[in-house]
Amino acid sequence: MGNRFDTGRLEAFSDGVFAIAITLLVLEISVPEDAFSNLWRGIADQWPSYLAYATSFLTIGGFWLAHHGVFRRTAYADLRLMLANLLLLMVTSFLPFPTKLVAEAIESESAERAAVIFYGATLFVASALVTAMARYVAERPELMRGPVQDELHALTRSTAPSLAFYGGILVLAVLAPQVAAFGFLAIAVLALVRARGEPEAGEQPAG
Amino acid sequence: MGNRFDTGRLEAFSDGVFAIAITLLVLEISVPEDAFSNLWRGIADQWPSYLAYATSFLTIGGFWLAHHGVFRRTAYADLRLMLANLLLLMVTSFLPFPTKLVAEAIESESAERAAVIFYGATLFVASALVTAMARYVAERPELMRGPVQDELHALTRSTAPSLAFYGGILVLAVLAPQVAAFGFLAIAVLALVRARGEPEAGEQPAG
Amino acid sequence: MGNRFDTGRLEAFSDGVFAIAITLLVLEISVPEDAFSNLWRGIADQWPSYLAYATSFLTIGGFWLAHHGVFRRTAYADLRLMLANLLLLMVTSFLPFPTKLVAEAIESESAERAAVIFYGATLFVASALVTAMARYVAERPELMRGPVQDELHALTRSTAPSLAFYGGILVLAVLAPQVAAFGFLAIAVLALVRARGEPEAGEQPAG
Amino acid sequence: MGNRFDTGRLEAFSDGVFAIAITLLVLEISVPEDAFSNLWRGIADQWPSYLAYATSFLTIGGFWLAHHGVFRRTAYADLRLMLANLLLLMVTSFLPFPTKLVAEAIESESAERAAVIFYGATLFVASALVTAMARYVAERPELMRGPVQDELHALTRSTAPSLAFYGGILVLAVLAPQVAAFGFLAIAVLALVRARGEPEAGEQPAG
């Protein structure tokens, strides 16, 4: 027994957790039955749910892409990387809870601030874990699959800005929670349109 | 880092989301406890839930087939295709919400119209995304896996009619929402019985 | 475009749906908060939920095994087999609903009969679909992966008894619903202990 | 037909169930709407839910690792191993129910003892099944993939302590249920930091 963990299975398991967490988000959305007398309005009134749904969905989508970017360049994981990955999955799986909270609380003056900060803090932690994992592998050639150090550093540089953005939006959330809620969506969209794929002549990943 | 996204993983992730979305649909179905005195009737009264369940299940099943038809002919995805795919997954994962809504509202005179149109519009958007993705790849030989342009155009031609049908049924939904609800089921069944698989001597897909 | 459907992906997608349906079953189990004053009793009182959970879990487990037994011997699916498979997944995904119903209704004299029959009928339909799929492939050498006709016929003979058992228990359910509920568990256990795997020198399945 | 069950598919199916069970845990967490007037406090008051979530998440994570450790060293499963695996999945899938119970009951003096013991007993059974499966394969060279007997024995020795710990904490639970609840978290963390991966020059597993 050694301390190498097969990235193929880690990735397949992680993909499963990402896919399920992303799909469970919808369960929190519903229109109360007393809104059925004017259902168009009832549907429109759920806008905080849609905002929260889209933000969490696109954010997890971005985590999934970055995660895949790290692991396809990783030959095997050591114990720390494996544990960091489990932690990332734990935070990602947790996300439907703050997502529901922010959707429910965003129109309540007493609750919106706490809900948005709690939500943003969860996103920040997950984002920090992804970036830390990329950096961790980038500094350990023995974990890499081939000479991918530069690619990993590029990946870190592309995910790191999200961290700074999350920090900024979290400060904004204290003053203007509703604006901050849209800010998290903007970060997710930005991370996705800036996402980078594989180099032109890459070999097929194992997983 | 380039702008190529591995279709093997995209497909595996998408399959996961399709499988979960399709399976979550059942969670919305239940018989209220006060119907237990005459449970056969209570079970029968849930017909709108069964109709909505079957329609969404078979529609997502059709999306899954068409999606696979596109991606097994795609060597790698560029950023736009990857983002369109994420959008398709977001709309598909969203489907349990309008499905629940249509099941609850179809017997309420004030709400049925809005619910059916909202439901049909979601199906229309997802269907349009699938068709757009097929066309997008069909016009970009550099994304294709081998000389599959004709097959992709055939695929587009086979999914495009659904779009027209959805348009027609959406107009019908304004006048006769309940009839339209059955129309969506008919579109799903039609798309499935017209589904086309692989050519006789195809190579194995990577995913 | 032809009419061949890749069994590797069909199987992976089906496995996903089976795994999710089997895991969603637990969501229906809960102890009402007013039973917290005597929680041991409150936990024990949920026995119909445990019975229903175990029965559905083991039944789906058996379907999954039989399904895998068919598809690992199938080179590709034609349109009918693909549609039958989708129907099987639709019925299997539906199972959490009658499972919940039987757990809730089994101690209600007015409702237990209907709930148990409805539950058993769902199991019967799914079981019939699995057997029909095995027979369908067994009669079409062009669909088979190698000379596996005898194995497929053996598989049909091993799943067919469940069908007869379901028929018998369904009749019993009219007279004694609670006994019948245990009968469905017995069928599931029996099917599992009689399950047959691969021949000694089989080649690896593709999926 | 023989009595060999393909471990590749068993593992993929098991991974799916582990991933779903681990992700469903979050659905039980929510803040009651009347806590919105002081949401920070409302969020903090959910600590039993977070404790239960983290404990179950990390415990299932540990099961998944140990499970993978067994199956990557198993060439094929016989009927007993396959059934033991199904039983393990059934207990793991069941876990969200005692997890919810322990989160709800831990602050109720009348209910906390029963809830914590019930929860711990479920963990104990799952843990015993994992250890039994490792031992079962370790004693049957015909099931092994290569000369891995020593590795399997090492794996058994590394998972067995958890069993003893669970026994001890279960006794503690009678006297001090809240302390015991933290004990289960400690066991999960300990099992993870002591987890062992693959040997340095291992061949790629099939799954």
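Points worth noting:
The first chain written gets the first letter, and so on, giving A, B, C and D; residue counts start at 1 in each chain.
Here is the rule we use: contacts are C-beta pairs under 8 Å (C-beta built on N, C-alpha and C of every residue); 3 or more make two chains touch, one makes a residue touch a chain.
All of these numbers come straight from a predicted model, not from anything done at the bench.
Under half of the residue numbers at the interface between copies chain A and chain D are found on both sides, making the touching surfaces mostly different. A rotation of 90° superposes the C-alpha trace of chain A on that of chain B, rounded to the nearest 5. Computed centre separation for the pair chain C/chain D is 25 angstrom, with centres defined by C-alpha atoms.
Between chain B and chain D, the centres computed from C-alpha atoms are 35 Å apart.
Multi-chain contact residues of chain D (touching two or more other chains): 12, 16, 20, 24, 27.
Residues 1-6, 8-9, 12-13, 16-17, 20-21, 24, 27, 76-79, 82-83, 86, 89-90, 93-97, 100-101, 104-105, 108, 110-111, 114-115, 118, 206 of chain A are the ones that touch chain D when the two sit in their complex. Touching chain D in their complex are the following residues of chain C: 12, 15-16, 18-20, 22-27, 29-31, 33, 36-40, 43, 53-54, 57-58, 61, 64-65, 68, 72, 151, 154-155, 158, 192-193, 195-200, 202, 204-205, 207.
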